[in-house]
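There are structures below to look over.
Consider the two complexes below, in which chain A is the common component and chain B and chain C are the respective partners.
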Partner chain A sequence: MRRFCALISRTKRSSDEINFLRKSVALGSASSAQTTSSETTKASFSTTNTPAVDENLVPVFVDGREVHVQKGVTVLQACEHAGVHVPRFCYHPRLSIAGNCRMCLVEVEKSPKPVASCAMPVMPNMNIKTTTDLVKKAREGVMEFLLINHPLDCPICDQGGECELQDQSMIFGSDRSRFTEGKRAVEDKELGPLVKTVMTRCIHCTRCVRFATEVAGVQELGVTGRGGQAEIGTYVSKLLSSELSGNVIDLCPVGALTSKPFAFTARSWELKPTETIDVLDGLGSSIRVDSKGTEVMRITPRLHEGVNEEWISDKARFSYDGLKRQRLDAPYAKNPKTNKLEKVTWETALEIVGEQLSKADPRNLRAVAGKLADCESIVALKDVMTSLGCVNFEVEGVNADAVNVDSRSNYIMNSNIVGVEDADVVLMVGADVRLEAPVLNARLRRANVAGGVKMATLGHHGDLTYPVENLGTEASIINDLLSGKHAFSETLKNAKNPCVIVGSAVLNRPDCAQLLKSLHQLSDQFGVVTNDWNGFNVLQASGGTTGALDLGFVSSKNKHISENDGLKVVYNLGSETISSYDSEPGKKFVIYQGHHGDVGAAGADVVLPGAAYTEKDATYVNTEGRAQRALACVAPPGLARADWKILRAVSEFAMVPLKYNTIEQCRERLAEVSPTFNAIDEVEPSLWLNGASYAHLAGGTPNVAAKGGAGKKTSGATVFASEPLTTNVENFYMTDAITRASATMARCSKAKATGSAF
Partner chain B sequence: MTSSDLFFTTTTTTTSKKNNGMNNNNNNNKRNTNSNTNTKNIFKQQTSKTNNNQTFSHVINERLYSVGLMVHRDSAENNSSLKWEFSKENETKVQTILKRYPPNYKRSAMIPLLDVAQQQNAGYLTVPVMNHIAELLEVAPIRVYEVATFYSMFNRSKVGSYHVMVCGTTPCMLRGSRDIEKALSEHLGVKKFETTRDGKFTLGEMECMGCCVNAPMIAVADYTGGVEKYTYNYYEDLTPESAVSIVQTLAQGKMPEKVGSQIRNKAEPITGTTTLNTEPTGPNCRDLAKLKKELEAAAAEAAKAAAAEAAAGAKK
Partner chain C sequence: MIKNNRTSILDGSVWQLNSRKGRLVGTDQHGNEYYENTKYQQGRSRWVKYKDLDDYNPANVPREWHQWLHYISDEPDLTQEIKYEIPAIHVKLSKQFGAVASNEPRYYPKGHFFNKKGIKDWKKYGAWSPP
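Coming up: the complex of A and B.
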């Protein structure tokens, strides 16, 4: 319901503002109670000429224009609804109301003083004026006081050009100062490798403090001192420990908090913005990539209510320097004499690849899709390999034998990302959501703190920033839950909308099939899936996995051969984890196509340089099954090319030319394979097969790989591997080839490990 | 005079004021001052009254030191790795304080707890102290740091056993608080916000403590005996001499004879009370005792009548 209500406004953003407010009003503050009572009395007088409208709406007048707004919204929101912009510094729709900057002063009829519009709820028939002399004078006064202690260093400030204080002082600021005392100076704080501070510039709006406390859930920032001595900081010197810390840079209306890696590298007006998406975690957050020439200069979030609201993780924001390092900018092939990779021309490389592919026995072929692969290249690779007769496909990080891809509901977030807030009990299995998808974790935190959603986990994890009940780490606990032996079964049973979040680590366990079967069973038993609710959620680890599964990039059942008998040629599309596919001279031939010189390229015989997610027009599917388009922001380095084009060329050399020549045709092919790609940026609910997906697995059969070893067998219950459930993200800052190549991410990892920025 | 004239006058005068202070009078400023002094006398006055010994940076420092730094610097005796706890006796006090608030509003006890902790910890709050309180109240440590830095009555660096705070606000200042400060400073041999060598006295400053009628005044916090012996006393109607003698008495380990005003009994005019000196003449308030008796009599009468009526009814 939250998703669909457009209460007073047409834009996504303000409807959310209203909702936020509604929530805070519902918490029952004294002032809102007053509003309601005085409203009822006045409403009886004002029914004459108002048309029959929703009774939750009240009429107010903004600069003489009548608008109807939701009860309990603030004066500022009412103005916004009327299309009148009110200047502000401290107010932010996603944070609690502080009302401490006073920039939003407006005049309200019958009120003796100007009122801070962000903190004042509307009353029926309120007459709000924003253009009077009084308002102008009040705002000018506030601006003058704000500038008293603000340094005049715009020319050397990174916020210059996109600074709210700069912009608003153009309207309300004076052209000269009446302040002749000494300006105060504040010591800069060390907040870590990402956030640079120039605290003298701070205007004490406390947005950063509220963000850290309310959204990120790390109570580290605060206001120390008072009045002229007030400072923002941590008091005891401490690095910000949040995975979302970069967002305070966007929130800070002035240049007090700026990006450390971006410092002094470009002015904001020199940058070329491209609106695209992030692929470094499963959410596919909306981002804006700012580039200058051929370089990505910085990455900032874009608003997407369904996915990331307006936050992104530090990894998405700061790992862009990894796009400039360790890049494959030319094709390489192994020199048979030296057994070393050497630069070759595209023709040579493609000839070798074509020959290897076309001469190999198709049963000895295998294709692997890496976790950052885009859908166009995956479908092209699949088509090339299928035309060659290959039946062995694999998605990085997914135990392909176990995950049933016939139904999408088996591997996506069925409740959608926003849907997790509709749950009343959330059970996270083998996941550390804070590390795997920090933005989703902020959502879960909000659900817990504001909505009282009960959180429980199964498996190892760190501090999730909200209270959770850990049920243990053994997979066998699921059996207890199923049999009702575990106390938590009761909670699940009583829940109206229970939700299960399955971490991507589960998909890669040897006992993945057993686990998924039991979790499906659990879902059916406890109403995780009902007619109008599907709370079975798989949290994929990165941008490429869901797309690959959607495109059916898995081996046809029972036909594939294991790598030991006769696997000859492997086509590795950007996978970095599968070292068992390292080439062995004379035995195995590995073709690596990707953008970074990481594990994958090191173990290859031929390297084809591809493009990273910021360098190609491509489609990715996020963990909730939302197909999204990424746009090319900069050109790929050197001789590197967009990946699907490389595969198009490979198909020619392998004598199985693809039928599509343009990206449009390629996308038509995508849509043919899966309807997901017909509707960009939409999520379709998928069919739940009531456990049928895993029905073929017998209950007690321990089909556990030797590695895991069989756990204790309880009568009739499923037997799981004995390794404890845990996340597969050990270090949030380094999860793939791009982030591993990033110096900033390396600094972050070090800071996290040592607790010091140096 | 146009507004821009005023603007320039103000600036140049103040600039020269600053420069005077720094003994750095350059010609340019002087000329400006001269040409402008005619137009606005008040600025001339101001300039001449400015205390020339005080440089500008000094003013700022003074302001800052009154409450200390707003960030913490680790030292051997004050860092987060140390542990601190309430003493046994104070633990009961802590529990009483905690009981005053509902469990979900535990953090309301923050200021009283900080106060007890400060008394126990010889007059100042260290990081381990604040961390311990954060733990007790189940809040993040920064929330305690925020409160402790906000209030100037919480000290975050070491103070003497007696914290002598001279009121610095206007009424006291007009009645001579600067002289008292000077006398104390000379007597103790320390500047404002400094502690004597023997660690006995810290000379501090506070803003208005609500005793303006008996200005000038000082407050003395006594940290010599922990929570048990802790006092926070006002000494009012001071002269430089009486202020010094109070400090001398304290230095001998004794209590000054008189707490509060040194020359008066209450907040009365310096010439003695001028009104309400005679017995009140009336009309007085109602005599409640008499009224009560009357009412009781009336009630008894009514009861009797009712009983009689009931008896008559029964007869019928």
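Coming up: the complex of A and C.
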């Protein structure tokens, strides 16, 4: 057995060394880590040990090998650093240390008993042994105790195949039990429509409790009772209210908490994993889509330190059943006789589209890019339309007449997602970050709780899970901040790295230009933007918006529609906000290209079925301006096709053939249009124009007054629209066509509204 | 005892003819003989004795005798209209489960191809239908 263990730790070592840099960065000892693998091994055998270069590093010995780790790290981390895997259940690097599973016992020289390595800090020259008989016996004893009450559920357990207890019992478990007593039974808890509980399987690692309390910030899970009566649960019967609740499923090392929508649908080894990204909120979290045949079976997070760490929101995780409902699987065209949409062939649909586009006056054309549109299709649509002579573009949810998109810094998160933790004051304007980007909210919570970052909000919002100072809901408060009348101006002034987070709702307000101008003024006045810090952040609502703005999908300034005959043809690329063109005069011919039948498709004359984000190779830009690739996990349903290919075909039928035929050529074109796409998964800092972006709006020129009755200049201070600042996410679970089609999301909305799962 | 037959010991369906006693119902154009004994259990009460027991093929049974042999009809007559009897339990269950009223009410168990209620939806996605 010992030889077996040694074998395992040796094979682990090689894979761990691949991740060497990442881990050593996490431990803060990159410099010394370089030498660990080969040189220090020699050094430990030599007569004189080389002194530690950094005084923050201490030498420890793991199985006779010397490694240098930072002071204060735990024995377990030191072992990981040395490439020795220590089995564990309760320890998790992103949660506080509990030390209650006892699986990570190791032997430390001069210690009378084996020690729980996850909770023991290292001492200089500590001699840690992980392969001795004592350690083996201790771990086998712990495993035996854990299995006393653990049911033999593996054949019917959803965790089977990816269960830590199953794996480790293969190494440390006995093939039979010495206990004849009956196993204890624990009542299952109702945690809502997402998390299924089988509490008899629980081994009380308390990872879920710590996650809910520390990361999600909801004090809803806890341990009641002690010893054999210990149970995990909500103290009073209550549903988990967090938007991050799905992460407890990943954290649970056994099958106590599993996914309710995924229950009994597939086994983990039948699934085909595809590493892709999520587009349902602005963050573009890294996800792994597990598919079986043509179905997406589940979605789990992937590690991305720069974006989502290892969490994803419930919307990203559970809305996949929306990908199987209300799908557009065939082209439709309106029958002129019945005035109803009927299924047609691709050829017929494309002929109609081509005819409509090519015969229309380009001044009467408009292209609209939806929230979930990918960059390839956006650039293809833009190229088709500009070839036709159209200069009339619109991005869903952005008042592009008002937002200055010439400078990229005006619409992205300039501090980056990681950067919000470097701020010392955060002011959120018109945003409810918990609803708009729950994973970012968890980061902000950590900044607040662990880093003491001061949080303030301007506008309506719900409970953000950390203490915030609400400055009010009126936009005019910005004037008070600027003039120094407001008490919070002092806080901003004294802050070293203040940060402003502007919600996507602000970009669609009638007084948007005035608001942004004032926020830019505020940024320049209070040092939100300095030479080495840019804390002006716009939090976009979904995966397609930033990409569309990067590609310049906005109307040219010398205006568009010929006044007398109005808008004639609209090419709608997946936008569900049809009010933007519906309200304009003129009888319109609407071409809708998208993946779900929603308001957009219902109001269209021709429907072209596209692919959802799990069905096409595509590029998306997240809210910090990070271009990321989504991969096709399953095939699009029926006759649906990848969106950029549809537009390529449309260009042929409209007599303006595009110059690119493959996706590689299309991506070259992307990089030509915007440097964002030169490097994938990298963030380029953007130029800040020091208030020049909105300089044309002198003071409070009433230039948007005609539209929204706002922005009148009175005496010096800008007058904003009277409506209060608020978020545009009314219901976190339903924000776009995919989530609106999802039955799971509907159940969640209902549970949230009624407080009960049924 | 079957004579002049080298394989009858190895071929069970030929060997069985030794122990079966029945009424000769008729002979077809190939010379195959058809026997019946209603005392035997349902399903084993009709059999065929092929003309050449060393080299026979069930495909040599003509259509009319095939339907007689398989209890589809009681006469080896193709002109006769075949009437399908509906078991009483099927009629009862169809009424109980509210099957559509038709000339032939039939009961299909759950999961049966014709049972529209219990049939599994094999479609992997739901398509949108225009309003």
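The rule is short, and it goes like this: the second predicted complex is superposed on the first by the 685 of 758 C-alpha atoms of A that agree within 3 Å, B and C clash if a C-alpha of one lies under 4 Å from a C-alpha of the other, contacts with A are read in each partner's own complex, and residues count from 1 in each chain.
Note that a contact is a pair of C-beta atoms (placed from the backbone, for glycine too) under 8 Å apart; a residue touches a chain by one contact, two chains touch by 3 or more.
Note that the coordinates shown come from a computational prediction; the quantities given were computed from them, not determined experimentally.
Novice: Answer with first, second, both or neither: which of chain B and chain C does A:237 touch in the superposed model?
Specialist: first
Novice: With the two complexes superposed on chain A, say which partner A:182 touches: chain B (first), chain C (second), both, or neither.
Specialist: A:182 contacts chain B only, not chain C.
Novice: Between chain B and chain C, whom does A:174 touch in the aligned arrangement: first, second, both, or neither?
Specialist: A:174 contacts neither chain B nor chain C.
Novice: Classify the contacts of A:265 with the two partner chains as first (chain B alone), second (chain C alone), both, or neither.
Specialist: So A:265 meets neither chain B nor chain C here.
Novice: Is A:494 contacted by the first partner chain B, the second partner chain C, both or neither?
Specialist: In the superposed model, A:494 contacts neither chain B nor chain C.
Novice: Check the residue A:56 against both partner chains and state whether it touches chain B (first), chain C (second), both, or neither.
Specialist: neither
Novice: One more residue to check, A:224. First (chain B), second (chain C), both or neither?
Specialist: First partner only, chain B.
Novice: Once the shared chain is lined up, is A:132 touching chain B (first), chain C (second), both, or neither of them?
Specialist: neither
Novice: Let me test your reading of the model: by the given contact rule, A:325 touches which partner, first (chain B), second (chain C), both or neither?
Specialist: Touch status of A:325: second partner only.
Novice: Starting from the residues of chain A touching chain B, keep only those that also touch chain C in the other complex, and list them.
Specialist: Dual-contact residues (chain A): none.
Novice: Chain B touches which residues of chain A in the complex?
Specialist: Listed in rising order, the residues are 176, 178, 180-182, 184, 187, 189, 219-226, 228-231, 233-237.
Novice: Spell out the residues on chain A that touch chain C in their complex, using ranges where they run on.
Specialist: Where chain A meets chain C, its residues are 293-295, 323-330, 332, 340-342, 596-597, 601-602, 607, 637-638.
Novice: If we count contacts the way the header does, which residues on chain C are in touch with chain A in the complex?
Specialist: 124-131
Novice: For chain B, which residues are in contact with chain A within the complex?
Specialist: Answer in residue numbers: 7, 10-11, 14-15, 56-57, 59-60, 63-64, 67, 70-72, 74, 80, 127, 139-143, 145-146, 149-150.
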